[in-house]
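Sharing a structure, written as structure tokens. Questions coming.
Naming follows writing order (A, B, C and D), and every chain is counted from residue 1.
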């Protein structure tokens, strides 16, 4: 069992002990992901890049928790939908490598389709 | 190096090869997390629980990609903010175990504060 | 001056009295819109359609406030970007009428492009 | 009938002609609000304040449409939930005036509770 599978197993064990699977329909879990991502984003609102740096230093723990919450829901939802998140991630990295070849995309932030329309 | 560190290293290598770190300020990366989570949620909109099940079966790959995108940005942002995502996750699981003791939370979806006000 | 212009004027007067325009760059205001919309959505999470109805009845005021917050930021951002929101709305309604002709779209929720591919 | 009521009536007439009310449960409509707000926010991503200004000038119509979409869903959802959006807005403005008195909040962006803890 790889590490992500082990962390996922920990989440499912936690859920089963509390008999909470009955509440976790995928639509509401997807809503949780948006809500947690919004909470994370809120930390950066109304701040310049410099202010963000100082703020993050002072609020490292709160921000770590938000990231952990998102990570948690990604693993849980992947499990419930039968998605192997590690494989999905590696497939996406492979796809991105093909979409953004180094020689065409270095130092530029153009989108894939623009790059290929050059 | 644990598995999450290895996957993170892969992301950073991909980014460095393209010289893209200059674009990745944390505020915009946090926006990406919200945008990707919204895209994932959109798959579930206007659908009942039954319709979701059938839809997921037919759109497994697209949904896997959305999950991979969110996972990608969580690892990247954790890296950039100096957050060890595995430790953050384990700390959150510990905290949740204390907040939601099995005997008080089994089968109920009450919030933490309500539980402790019983 | 139409009614929406009057309400907008009220917002701008409130802001000017507090000298707050300096904080309202459009990017952060757009973030506010997402945050407020997320807060509204949270009211409906983990609830079936029946549960939503009862919940809304009991929480009418809180939900009204969330809607008012979104409405507020739409008017403020439209003002700051030089968008006449009433004209923009009427143009969108016109566009939707053309995209979704009654005879093709009645009782069906197919998307515009699917409808036109029939 | 005030102007907002007239615009709302136009939305409901459009919906009734297409027999679309059956699809508009409040939870999914609230999801629409988040999705449209996210699309609007995406226009501002990866851009500095200066870049935003130039971008908005060139993409005024697309941005107007996003604002119109959000405005549309706010009116529709207010209608469906029995919320008088104009009254809700005026009540919120009144509340904000009390929360942020001019003499305490001028030129500062502190939150309400901080202001009152001074």
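The working rule: contacts are C-beta pairs under 8 Å (C-beta built on N, C-alpha and C of every residue); 3 or more make two chains touch, one makes a residue touch a chain.
Since the model is a prediction, treat every value here as computed from it, not as a measurement.
Look at the interfaces B-C and C-D and say which one is made up of more C-beta pairs in contact.
C-D
Please tell me whether the contact surfaces of subunit A and subunit B are same or different in residue numbering, using the over-half criterion.
Same residues, largely: of all residue numbers at this interface, over half are found in both copies.
CA centre of subunit B versus CA centre of subunit C: separation in Å?
27
For subunit C versus subunit D, what separation do you get between their C-alpha means, in angstrom?
Comparing mean C-alpha positions, subunit D is 4 Å from subunit C.
Which subunit B residues touch at least two other chains?
If we look for residues of subunit B contacting two or more partner chains, we find 23, 31, 34, 38, 41, 46, 109.
Chains as vertices, touching pairs as edges: which of line, ring, star, complete or other describes this one?
Drawn as a graph, the chains make a fully connected set, so complete.
Under the stated contact criterion, what part of subunit A meets subunit B in this complex?
2-4, 7, 10-11, 14, 17-20, 22-23, 25-27, 30-31, 33-34, 36-38, 40-41, 43-44, 47, 49, 52, 56, 60, 63-65, 67-72, 74, 77-78, 81-83, 85-86, 88-89, 91-93, 95-97, 100, 102, 105-107, 109
Which of the residues in subunit D end up touching subunit B in this complex?
Against subunit B, subunit D makes touches at 23, 28, 31-32, 34-35, 38, 41-42, 45-46.
In the complex of these two chains, what residues of subunit A are touching subunit D?
31, 34, 46, 109
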